[in-house]
């Protein structure tokens, strides 16, 4: 893209990310199906190996840290299905990524109403 | 020829599906959001569209990176919802309008849009929730649909300029469809929000309000920005406003202009600034 | 910047795969077809392209009617062949050129081509056989590839005018790629043939010869026809000549013109009139 | 399409055909895999029912007549995979559709060289 912009705290999912994260995102895409979610929960290591995740991606999945998953090429739309396995909602994930408590994160969102 | 009678736009959020399933519409958190729809319900009851062309973005249910379309047009008799992996209750299937699907496909390819045609297409919450929001009393909304998916998953996204042209081509095609049905265009997406990264939780209500204003009186306004500039202003998922742009561009091809029936802006719902808009085509 | 040094075009036919596997190149039926390639082999040995952008049409291996793309661009590290259901021996995989894939994708979408991007893409005989025909001595052709699929399965196909514009955009993008590699464009398809219906076996060598002539000196000639007009003249599978058109359009963006290195026209092979063309970009 | 042309002996596979033939073509697409070809050969009726073929499509498959398969919405590219099960080549199919012997069909093709 000729449009060269750097946006702090933001990783647009472009070709470089798409290549890097392919195996990770393919695994997360499989989590649309309950049977696959069950198989992952039953044996995460085997499931990750089946999808060919690299070491960085496996470590990020084990950590459940969204920032690490993004650094490993994860795409927000597919990663959300991984988060769904643990019943995390978008405020849990937002809090985790911004290093805030969930309450503080939600208060920050609500504060935009005064903007 | 078919009539293009107006346009609708709303945010979509998985959490809305859970709120609907649990009947939380009157809870303080949800009430201002759901109450915003009442004037639109009344209008829809009067004008009664037969068919909706729905611009929406798939969230990794039907499309994966092995075959990621820029624009995909549905041509199915029935559109099924399915498990998206995060526990939203599945919604009933919606009937397609096959005649309009193929008319759109033929016209769009003749107009040099390089669309993907989908004779099977699972539709996610972005396609199903607006039907529940606009027709809350119905198990299945009393309309037939043609879903059009616009890529917001992988960059490069189509440019805002290209999306605007797509919308105009869709508007022209609707009005050259040999049918006496009343058609509306619906946009599902936006407004400003960002789910991932250290900037998660980003909202920009000043931008949203400018955008909402432009949707009435200056529809091309946002086409001045690149997709990354839109991300910078509205967040990574804020690019879903491309759906609104396509819807509004379609209306530029019909009648003498638009009348704003209703709009609402409320935040936050989940991590999103929610928008609602209903526009009527003027004769 | 990368150099676009020339273009290649050939028919593809499953039967060629069987003939190659059985070593029938010197049989009377096959000899005139295979012998046609010798001058091109010599030229390729001299100019040694590094990368091929291959315009081809999938025959129901990678794409189905649930998600049928108009234009699909490969972005895979490796392109695998697979069982196509009719007993052609599978050919080895070919390495992708990922840098060029993503450069093409970025440029094409910026140029308002609504492509599908494919990070996994099974390639059928239309993509694999030309590599065997042009590099017969190699187990795997000594090139990296970027396959671009053009829909010939389901109408509406992209118009010839649109395909010509795609080819030009690909040509420009190749030459704006930051690389010192030598790139060629390759077309796999055509010429006149029809496999199905009461008109099965239709061949139109007068049209083919006009088309072949136009490929050298008047590349836009065939864009005057609609796709159904091309079917009328060249047969239902004769529309595969759209691949040639895209290849030739790419070359119009490079250098001062083209020189015909070699051409051959021979029929019938299977039910097809076969064509072969090699063009060199002039400085 | 505004381009209205009728071409004798030719059925362009357009939207109307694509709708009509969806189940038939989906079954034929499955024949890319040997296991599916085997399953079809083992029990054609069960396999056709599994893919939801209508009566016209089932009758056309039983008849192995390409013209009937096209009339039932079949697409040449997918039908070729069905023909492959029986080892039919393109000249067999051409002869069948034109009511000629294979030799006569091949002679007709060769005669185009004098055109």
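Residue numbering begins at 1 within each chain, and the chains themselves are lettered A, B, C and D in the order written.
Note that in this section a residue touches a chain if its C-beta (ideal position, glycine included) is under 8 Å from a C-beta of that chain, and two chains touch if they have at least 3 such contacts.
Chain identities (UniProt): A, B, C, D = Protocatechuate 3,4-dioxygenase.
None of the values given here were measured: they were computed from a predicted structure.
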{"item": "Centre distance in Å when subunit B and subunit C are each reduced to the mean of their C-alpha atoms", "value": "38"}
{"item": "Whole-Å gap separating subunit C and subunit D, where each centre is the average of the chain's CA atoms", "value": "25"}
{"item": "Residues of subunit C whose C-beta touches two or more other chains", "value": "65, 105-106, 110, 117, 119, 154, 156"}
{"item": "Subunit A: positions in contact with at least two other chains", "value": "1, 15, 18, 22"}
{"item": "Chain contact topology (line, ring, star, complete or other)", "value": "other"}
{"item": "Inter-chain touch pairs (all)", "value": "A-B, A-C, B-C, B-D, C-D"}
{"item": "In the complex, subunit A residues that touch subunit B", "value": "1, 3, 5, 7-15, 18, 22, 25-26, 28-29, 31-34, 37, 66-67, 70, 75-81, 83-85, 87, 89-91, 93-94, 97-98, 105-106, 108-110, 112-113, 115"}
{"item": "In the complex, subunit B residues that touch subunit A", "value": "15, 59-61, 64-66, 82-87, 153-156, 194-206, 226-229, 231-232, 236-237, 267-268, 270-271, 273"}
{"item": "Contact footprint of subunit B on subunit D as seen in their complex", "value": "1-2, 15-16, 18-19, 22"}
{"item": "Residue ranges of subunit C in contact with subunit B within the complex", "value": "63, 65-72, 105-106, 109-110, 112-121, 154, 156-159, 161-162, 165-166"}
{"item": "Complex contacts: residues of subunit B adjacent to subunit D", "value": "75, 98, 101-102, 105-106, 110, 117, 119"}
